[in-house]
Each structure stands twice: as C-alpha cells, then as structure tokens.
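In what follows, structures are represented as structure tokens.
Shared between the two complexes below is subunit A, which has subunit B as its partner in the first and subunit C in the second.
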Partner chain A sequence: MSTGYRSPSFLRDSWRIARKDLRIEFRTRSGFLSASVFALLSVAIFRFSWDPTAVRSLDLAPGVLWVIFTFSGLLGLNRSFGVEHADRAMDALLASPVSREAIFAGKALGNLVFVLGVQALALPTVALFFGLPLGPGWLAVVAVAVLAAIGLVAVGTLFSAIASNTRLAEMLLPMLALPFFVPVLIPAAQATAAMLAERPLADAVPWLKILGAFDIVFVAACTVAFPFTLEE
Partner chain B sequence: MTTASRVAPTPSAVPALPAVDWLLAGSLLAVVGVVVRALLYTPADAALGDVQRIFYVHVPSAILGMYVACTVMAICGGLYLWLKDQRLDRIAEASAEVGFVFLTVVLVTGSIWGKSSWGTYWAWEPRLTSALFLWFVVLSYLVLRDALENPETKARLSAVLGVLALLLVPFIHMTVYLFRGLHPEPIVLKPSKPSLSPEMLSTFLLAIVAFSLLFFALIRVRYQWAAARDARLALEQA
Partner chain C sequence: MSATSDALVAHGVSRRFGPRTVVREVSLALADGDCLALFGPNGAGKTTLLRLLGGLLRPHGGTVTLHGHTLPGDADTRRLLGVVSHKSMLYDALTVRENVTFAAECQGVRDVRSAVDRVLDLLLVRDREHQPVRALSRGLQQRVSVARALVHGPRLVLCDEPYTGLDDVGARALTGALRALKAAGATVVLITHNLSEGLELATHAAIMRDGRFVHEAGRPTDGFDLPSFAAHYRALIAGGE
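Up next, the complex of A and B:
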C-alpha cells in the first residue's frame, strides 16, 4: 500500500499539506511564538554565560546561533505530528488520496518554513546583541542557514513521526535527532564562523560539501523511509 | 495482508534455554586466554610501555562494536522492513545491545590508554568523537525500542532508525575528520607491512578471534532469550 499509489501531482499535494500546517500555525501562533521567545531568551542567556573579555563575540556567535537554531527547531518539530494525533486527524490524512511520500514532503515543507522563520528572527538578533560586523559574508551565512535547515528538517520530520508513536514523544525526539544533527551542526557552525570572520570562501567549501551531501542523502532516505513509520 | 500471517507468531511451547551455553563458556575462556597471553607472554611496546597491552582489548572491541554490530543492526533492520520476519528484528536487537556493550568497552579502554599516553581521559579527537556519537546513536536505538510496546511497531520503527544510522556513520566520520587528530594511525591494516613484532601480531590476531567468538556467542544468547520472550508473549496472548 505504501508505495502503490503515486499521485500525479506530488508537489501540489505536499504544498496543500504544508499550507494546512502553516495555516494552523498561523491561526494559533503557539509554536512559532514559543520557539521565537525561546530563541531570543537563549541569545540573552548565552551572552551572559561567557566572560566577554575571555571569548570574542565573533568566536562565540556561530556556536550560539546553531545551538539556538537546533533547539528552537526541535520545539516546532515536536508539534508536527503531535497535531495530527489529536482527534485522530492522522487517519483522515492517511485515508486521503495522497501518497505517503507527499505527506512527508508536505510536513517537511511546513517545518522548513517554520525553522526558516525562527532563523530569520534569530539571525539579526544575534548580530545585534553580539555586535557582529555587517558585511558581504552575511549573504553566505543565510545560504548556509537554508542549506542546514533542509537537512535538519528532513531528519527531524521523520523522527517526529517516529517519536509521536511512543509514550515519550517530546522527550524522545531530541534523543533520536541530535546525533543525526551532528553532521549538520558542526559544518554549519564552522562555515558560519569562516564567513563571519571574512576568511576566504575556500575555508568553508569542505563544510558546505558535507552539508550539501547530507541534504541530498537524507532528504531522499527520509522520504523513502517515511511510509514505514506509518501503520498499515 | 500476507505480512500479517508471518508477523503473528504461532503459539508454541517456550523454547527452553540451555543451562550452560557452551559457545559462550568457550569464548569467555578464549578471551581469558588471550588476556593472559597479552599480559605475560607478549613483549611490551618499547615506546608506550605496558599500557600498550590494552590495545589487545580495545581494537577488537572497536572493530566488532563499531563496524560489525552497527552493520548487522542496519542490514537486519533493512531486511526486516522488506521481509517482516521477526527473527531479523531479534538479530538487530541482539547486535545493538551487544554492540553497545562493546562500544562502551572501547570508550572506557580508550580513555584509560589516553590518560596514560595523552595525559587526558578525553580529547575531542576525530576517532573518539566518532565512537562517542555512534555510542549515542546505538543508545537512542535502544531507548526507542524501550519506549515502544507493540512488538510489530517496535520492530518496524527501530528498523527505520537502524538503516538511517548506517547512512549517518560516514557523515559523522567525514565531519569529525575535518578536525585534525592525534589518535595513532591503524598499524595492522595499513598498506605497508604491519609495524608490530611477530609475537604482538599473533596475540592481536588471537584477540580478534577470541573477541569475535565472544561477540557472536553473546548475540546468540541474546537472540535465544528474545525468541523465548516472544514465544511467551504469544502464548500469553493466545
């Protein structure tokens, strides 16, 4: 069943599901609000947990940025499938003539918009509070953020589906997802550091390659794996 | 569905576990023998001294825990998703648990060696970091299994995680290797001649054999235990 039906309009189906999730999010604003407040609070807390005379802002900022992105992203991912379990909405979603892969793509797309939204808020905040120099490097930082968000969201959406089947849902998601975030977080933070310090692009290229490869492999693998996380 | 009939185990008598597992007993004896040989009958390394002997435990555990256990876990998971045969899930479960024990041994023996040779129990060095994250991945696999109650859901979801874990390993490897390392390079499987003395090499090869025996004996015991548990569960539900 899981692979038997292929919708001719895969993209349209997934966009419809993403739009549904985003509309719920837009009307309730609970997830985005809590993730944004969490991100802003973290910026302030991280700033005070280091001695500013010992660690330069420029060295601290990339790590802070990526820790914030990860954890605020997890807040949003937790809701992704939790929202479908209320009132057994998942059953209706599965009964609809939409392929399982399109459901995954839709969910992931919705989560991607969510994560990018939080990033759009957190990036300028970190730049402001850490007094980072504004330069052409920022364009590249935005590109890294998008590249990393794709990988985080693909893996996170799949694990959100897995974790929502368990009693521990919210507790389990970070445990499952964080080891998989390592090859995204380290390259993203390293590439961000290289760009903020205006080091030559060649310094960041090996990290960007890992990010790109991770996105390709895990977007494909998670899309293929997703139907197996659903009950027949 | 054709899978449903294969998934549901037919109620049968719970298989009795042997009082003494001779393969396990034999492999434990072999490990003791290798340890004795490594401590008493193998020369110490000229530069590293006696602490180098930990290598006869550390390296076989690393090979079995990092490579063999994780590969078996992932391949059996992938095959389970395809064939829906509960035996494959039991093998995956067994190799994850045994692999976790071996990975823990790797981390502990590595730390002891590191304290003596590097002066610190832990260094954020590529191989250590890889092993640590692999340890976390296997741990989360075991926690996921524990958090699921329905045997079919447990097998299916953990199989997905197992397969993805195998895809993750090369990425973790690449990522942590972009940092420079201070771990000694492999000295047995390097293209030129192994730089071990003949006695050291034979002790090392015997250690690989002994630990492999132990590894498979433990998986076998764990598998039999899981089969007995599933059979009992099927009887209770029948």
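Up next, the complex of A and C:
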C-alpha cells in the first residue's frame, strides 16, 4: 500500500470524476441511447404534426429545439447520481479527500458532455426535418446551445443529487428542476429565434446577456449549495 | 472503553433520524493497532455508529476525532479512512482495475499502478482485473470492494459486515489483509454477526443494543473472556437481556 500522496486538486479531481462518469456512459450507453431515441422521436412527432401553411418553420423550430434539449437532457441528468447510489459508491467518494465542490464540478462536467452530445444529434436533425437554412446563424445557435446547456446542467446536477436520495427520483427531478430551467430557457429560445431568422446580432445580445448572467448565478449557487444536499 | 494513545475517539456521540434516536451517547477510544469488534442484533445502531465514526454522518450530539482531528475533517484526515460495507461501493460497469484505480486516484496515491497491483494481489483478484465488476460473483465483488478500501493504506478501517458473501478463501484473504493493516498500526472497527470472525482480530469487543453499548470487553490482559462474551451475546440475541 502506498505512502506517497498528492494534495487534492479541484481540477484534477473534477476531471477524474467526469471521465469516470463518461466511461460508464460509454460502456452502458443507456442514458445516451434513451435520450437520443427520445430526441429523434420528438423531432418526428413535431414534424408530422406541423402545418407549414399555418406556422413558418423558423417560428416553430426554436421551441421544438428547446423542448427536445430540455427533456432529453433530463433523461441523462436522472442517471447522474443513480450510478453513485446503486452500490453506495457515493460513500467512498465522500470518505475520500476529494472536495464536495470537485464532486459537483465533475458530475456537472460529465452531464455537460452528455447534454452537448444529445444536442449535437438533435440540432442537425431538426434542421433537416424542418428545412432550416444552414447559414452562418447556425454557428451562433450552437454557441447559444452550449451557453444554455451550462445553466441547465448546473441546476440539473444539483437537483439530481437531491432527487437521487429519494425513492421518487425520476419523478422528482423534473418537478424540482423545470421551474429553475425557465430563466435559462426563455433567453435561449429567444436568442435562437433571432439567430435562425438571421436578424442582427444586436437583437440577440440582451438575451445572451441574461443567459450569461443566469449561467454565472446558477453555477456559483449550485456549487455552494451542493455539499448541503449530501447531508443525511 | 479507553486506550492509552488514542487514534479514534468518540465522545458522547448521538444521532437521530426523525424522532427516533438511533445512537445514544456512545463513547469509545481506540489506539493504533486496536480492533473493535462490534456485535448486536439488527437495528441496534451499529451501521449508524460506523458511519458516524467515519464522518459520513454528522452526530447530533458529541464528537468524533481521528488522530486529534474532528471528523469529517479536511482532506488529509479523510485520507486516513478506509470504509468497507456490505454494499460494494463499486461501479459495476467498470472493470476491477478501473474501480480500484479510481479509488487510488481519489485518495491521491502517487504510484497508483503499483499500489493497485499490490492490493489486487493481496485480495487475490489480480486474475480478474480486466473483468467488469458486474460479471463477478458477490464474493469476488466484496474482495474488490476491500481492495478499493485498502489501496491507499488507511489508518482507520471501518468494516460493516465485510465477510458477507465471502467464501473461505476470500474470508482468509480479508482477515490476512486486516491483520497486516493492524500490525502496521491501523485501527480497525469491525461489525459482524459472526463471533469467531469478529473476535479473531479483536482487541476490544462490544455488544450494541438500542443505540448503546450494553456489554464491553477489553484486551485479553484486561479480562477479555471469550466464553463469557459469547454467552452475553447469545443471551442478548435470544432476548434474554
């Protein structure tokens, strides 16, 4: 058994936890598969219930995108702490020198990669099904999606930790998290609409500022609050 | 229960869950190299006490200190801990080596590879190192769980029914590992329902009921009397006390 130890490092520990979560997801693929199937089915349902003569695709697409991003993301977030509680692996993490904040950051980073992966699948699918023009506005939409994913994942990770301690985790997480998603989703959808319509960037800037502000607030608040969710 | 040079000290520790008090003002002191075997019927509060001793639960009364640091303590204090439970605390999609390596990295072990090799050899699971944990039997998973807990050479090992699911080979490997740790000066707290397993390593023993120690025994030189202790335990289990 070893005698030499490294001091804990927030970044190293966070990355280690995220890498472990992604490795588990890569092996099982259960979360990504269910989220992807959900996203693709949702796109298909929205597409075939859409009347192009009544609503323009540019008006409908932002709402469709964010409904899909939100609910498919929740499917992944639900699993985030499930893997820690199945055999009480969380106890081993808590008894280790890794800080609670690093555990949160690692979990959030793993969830962010998951959500971005689902977005990477859903975004071109929506563009294809709704015949959206693939102009330079799409790069800006990708940037908005990443920015919004940060806020959604911060809140979702915190509430996933809370919900996973209960027997009704899968039902409780959406009930807890969705109200807190709203301040992120409204500016994200508005900015997406502006970008897709290729309106001047200035139209989207106020929404992007709100989105950025909520990202900062949510990431900071959730990091501080997370250790309290671990108390029994 | 007290020892001369205290490594683990609990003073008047209590814990409630809702209106129910599960651990009531328990005090103990264990020195380096001591092993406390903790017995008692189901629901006596043993697991809760163990979680309090490891800083995994905060006490509602009293304090727990490990080498002078109040638990849960800072990173250096938590590094002194190793926890084994009847739950494996493993990730079943990861391989044996990945699980133990992850634990070693979280503990900040510098030479991860050799630490992992050593502990996998010690627990006789080296030949399974590339198998996912979910493909192992319950007993092998438990051995891997012990390897995970011991990979960083903890100074306090908390074991909650660690022999659950182990065959003779696994049980001997676990006893050997705990004995080696004890000889190296680690303190061990061991919960078990099996008297012979518990007392094989014990320097102290206690029977818990309703959140309290109802019978304690110290080192053999202090009058540790196995037949008398066993009689007390059996009487308690039978509801005779």
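By definition in this document, the second predicted complex is superposed on the first by the 223 of 232 C-alpha atoms of A that agree within 3 Å, B and C clash if a C-alpha of one lies under 4 Å from a C-alpha of the other, contacts with A are read in each partner's own complex, and residues count from 1 in each chain.
Basically, a residue touches a chain if its C-beta (ideal position, glycine included) is under 8 Å from a C-beta of that chain, and two chains touch if they have at least 3 such contacts.
Here the structure is a predicted model, which is why all the values come from computation and not from measurement.
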Contacts of A:179 with subunit B and subunit C, given as first, second, both or neither: first
Partner chain in contact with A:143 - subunit B first, subunit C second, else both or neither: neither
First, second, both or neither for A:206, with subunit B first and subunit C second: first
Partner chain(s) touched by A:167 [first = subunit B, second = subunit C, both, neither]: first
Subunit B versus subunit C as contact partner of A:214, first or second or both or neither: first
Partner chain(s) touched by A:197 [first = subunit B, second = subunit C, both, neither]: neither
First, second, both or neither for A:231, with subunit B first and subunit C second: both
Touching both subunit B and subunit C, residues of subunit A: 231-232
For the subunit C and subunit A complex, residues of the former touching the latter: 51, 54-58, 72, 75-76, 78-79, 81-83, 85, 87-94, 98, 102-112, 114-115, 118-119, 132, 148-153
In the complex, subunit A residues that touch subunit C: 1-8, 13, 16, 20, 23-24, 27-28, 83, 86-89, 91-99, 231-232
Touching residues on subunit B, where the partner in the complex is subunit A: 1, 3, 81, 133, 136-137, 140, 143-144, 147-149, 153, 156-157, 159-161, 163-164, 167-168, 171-172, 174-176, 178
Footprint of subunit B on subunit A - complex, ascending: 155, 158, 162, 165-168, 172, 175-176, 178-180, 182-183, 186-187, 190, 206-207, 210, 213-214, 217-218, 221-222, 225, 228-229, 231-232
